[in-house]
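These are the structures in question, set out in turn.
In the two assemblies presented below, subunit A is common to both, partnered first by subunit B and then by subunit C.
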Partner chain A sequence: MIEDVRAHVAEKLKELDGVVALRQTAVGTAPYLFREGDDLSQLVLEPRYPLAPIISLLQKRYPEAHFGVVGRGCDARALVEMAKREQVDADRLYLLGVACTAEEAEECHCADPAPDTELWPRAEMIGSPVEGGAPNPIVAEYEDMSLEERRTFWRQQFLKCIKCYGCRDICPECFCESCALEDPLWVERGVLAPSFPTFHLIRAMHMASRCIACRQCELVCPAHIPLTVLYDLIRRDVGDLLGYVPGADIAAPPPLSLTLEESPVQIELE
Partner chain B sequence: MEYQNVLTTCVYCGAGCGLYIQVLDGEIVGVLPAKEHPISRGSLCIKGWNATSFVTHPDRLRAPLIRRDDGFEEATWAEALTLVAERLEGIRDESGGDSLGFLASAKCTNEENYLLQKLARAVVKTNNVDHCARL
Partner chain C sequence: MSESFEPRIVAFLCNWCSYAGADNAGIARMQSPANILPIRVMCSGRVAPEMILRAFRSGADGVLVLGCHIGDCHYISGNHRTAKRVPLVRNLLGYTGINPARLRLDWVSSAEAPKFAKVTQEFVETVRSLGPIAEEMGG
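Coming up: the complex of A and B.
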């Protein structure tokens, strides 16, 4: 599998300005822009880092350049949401899609562990997609709770927060130039834990129709707050109420960016 | 056209979390946690996430300053270190080594802190050594 990926990247580097992927060196593994002539034996697929923001950064710095990305399902979904919000130019991107393994899909409780290469003007798939992993069991446990138990659950979880802002900083869909979580109107500075439940719910509401379930927020959280439970539920509500699945369709307009007249959900006002 | 991540250790405290500095064409553009780091294992606190904010900050001192009658004046490193050495030597000879104290830093490496206490104990002859992680 990895040899296939390296061979495809080598081929694409002949025509692209560079390919973003993970590079493993003697000191560790991190995202890197591979260029023609680079040592592709250093290209690896783990550990997962969000690669979509790096594409966005490079495309903005080099408005004429064409980049490729070795992306998993979550990378591709992140790119979809960034593209429709003008953070990524789909026409200047080549997606080298890689399928996660069944174990990886299981670990992430990922429903969609392979990129949909059909969505992209230029894309190819390397490897065979596997079935999605089982849903996060904590979500089912949570849904059996009463309202009071739910409040207690989140109060206990959010009490652990050290306000590192890592969930925001790692998130590929958090690209606003000004952030409500830095506004003293909403978040008091120098106070731990953040006020309940506003801090985390402000972010959760802002992620509605954006969260593409990459799980990075949970992975970087030093307090081990089960953030994907919150975001799984937000995603479900966005699906049920607005008929929108983030990352699934590059042409579907983001529902919360529409005017009321454009909205697919029409509510009769009395 | 060069984008890479440079592994380093957070300088803000003694925990020693691992982080990558994102560098685009020689310019720092961000921080990523080092997911494989044995201590921080892919997490950072708010200081680590902002560990590079001082690098190009306009308030950052880029040369040593020596206080003279008219306030602080920029100096060369040779000038500053010579002055410090002369003054430490003078105070030690006049009032004894225990009239001096040495404050080490959690931002330094173990080896740098070792050297500081070596200077304190072996050269200045005092055990007055402490560090900012206790403050």
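Coming up: the complex of A and C.
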């Protein structure tokens, strides 16, 4: 698999200005812009790390360049959401899609463990896609939990938060120049754990119609808060209420900024 | 919950319809509860989720968002955003253990003074029956 990826990258480097992928060296693994002639034996696929924000930075820095990216399903979904919010130029990006293994899909509760290369203007697929993993069991059990159980569960989880902003910093969809979570109007400074409900629910609300379920926030969280349970629930609601699946369609505009004519919704008022 | 619990309700009222509706309810001497703390906003679409969440954090027992009826928005489609956003915030509150009934969205035009009185009375009673927010906020 990895040899295949390296061969495809080597081929593509002949025409592209560079390909973004993970590079493993003696000091660790980090995103890297591979150029023609670079040592591709250092190119690796593990550990997962969101590459979409790197593409965004590079494209803004080099407005003429054509880059490629070695991306998994979650990277492709992140790129789709960033492209429609003008953070990534889809026409200047070649996607070398990599299919995750069945174990990886299971571990991430990922419904879509391979990039949809049909969706992206220029793309190819390396490896064969596997079936999606099962959804997070906590999300399925949620309906049966009482308000009190939910409250106890989340108060305990949120109490662990050390407000490191790791969830936001790793998130490929968090690209605002000024962040509501740093605005003292909404989130008090110097308070640990951050006050409920502002900090965590503001972030959850901002994930509505954006979260592409890459699970990175949960992976980086030093307090092991199961953030993706909350984001999976809001993803489900955005799907039910607005018929929108983030990352699924590059032509579908973000629904929360559309009118009801453009993106209808069944509103239930009491 | 004590017998004398009086809920504190923050009501975001849109300048063009609901605030005028509240005003007319007052002019017509209709009874509307004193538990409502009105905040005038230019449009219900201005009511960011941050504002609703901060109201709860600051001790509001309920939050009411009132805007123009769909189709009557002074800004054509400002309230369309509200219509999509508020149900999501309600769900999020429910997921984390705050009764979603503490947040209510409704449409009140400037001519609907009786509706303003009715919605506020109903909502105050709903929230009164739920008790103080502090019990749901936890540690």
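Everything below uses one rule, namely that the second predicted complex is superposed on the first by the 261 of 270 C-alpha atoms of A that agree within 3 Å, B and C clash if a C-alpha of one lies under 4 Å from a C-alpha of the other, contacts with A are read in each partner's own complex, and residues count from 1 in each chain.
Throughout what follows, contacts are C-beta pairs under 8 Å (C-beta built on N, C-alpha and C of every residue); 3 or more make two chains touch, one makes a residue touch a chain.
Fair warning: this is a prediction, and the values are worked out from it, not measured in the lab.
Chemist: With both structures placed on chain A, which of the two partners, subunit B or subunit C, ends up touching more residues of subunit A?
Modeler: C
Chemist: Which partner does A:I162 contact after superposing on A: first (subunit B), second (subunit C), both, neither?
Modeler: The answer is first: A:I162 touches subunit B but not subunit C.
Chemist: By the touch definition at the top of the document, which applies to A:E118: first (subunit B), second (subunit C), both, or neither?
Modeler: neither
Chemist: Please work out whether A:A180 is in contact with subunit B alone, subunit C alone, both, or neither, and reply first, second, both or neither.
Modeler: It touches subunit C, and subunit B stays clear.
Chemist: Based on the superposed arrangement, let me know which partner A:I54 touches: subunit B (first), subunit C (second), both, or neither?
Modeler: After superposition on chain A, A:I54 lies in contact with subunit B alone.
Chemist: After lining up the shared chain so the two structures overlap, which partner does A:L33 touch, if you call subunit B first and subunit C second: first, second, both or neither?
Modeler: The first partner, subunit B, only.
Chemist: Given the touch rule stated above, what does A:A65 touch, subunit B (first), subunit C (second), both, or neither?
Modeler: Only subunit B; A:A65 stays clear of subunit C.
Chemist: Thinking of the overlay built on chain A, is A:C221 touched by subunit B (first), by subunit C (second), by both, or by neither?
Modeler: first
Chemist: Please give the residue numbers of subunit A that touch subunit B in the complex, ascending.
Modeler: 17-18, 20, 23, 27-33, 35, 47-49, 54, 57-58, 61-62, 65, 162-166, 169-170, 219-222
Chemist: Under the stated contact criterion, what part of subunit B meets subunit A in this complex?
Modeler: 1-5, 7, 18, 20, 22, 24-25, 29, 31-37, 42-46, 48-49
Chemist: Which residues, counting only subunit A, touch subunit C once they are in their complex?
Modeler: Residue list for subunit A touching subunit C: 142, 147-155, 159, 180, 185-186, 195-198, 200-202, 204-205, 208, 230, 233-234, 237-238, 241-242, 255-260, 263, 265, 267-270.
Chemist: Looking at the complex, which residues from subunit C come into contact with subunit A?
Modeler: Result: residues 49-50, 53-54, 56-57, 70, 76-77, 80-81, 83-85, 87-89, 91-99, 101, 104-107, 136-139 of subunit C touch subunit A.
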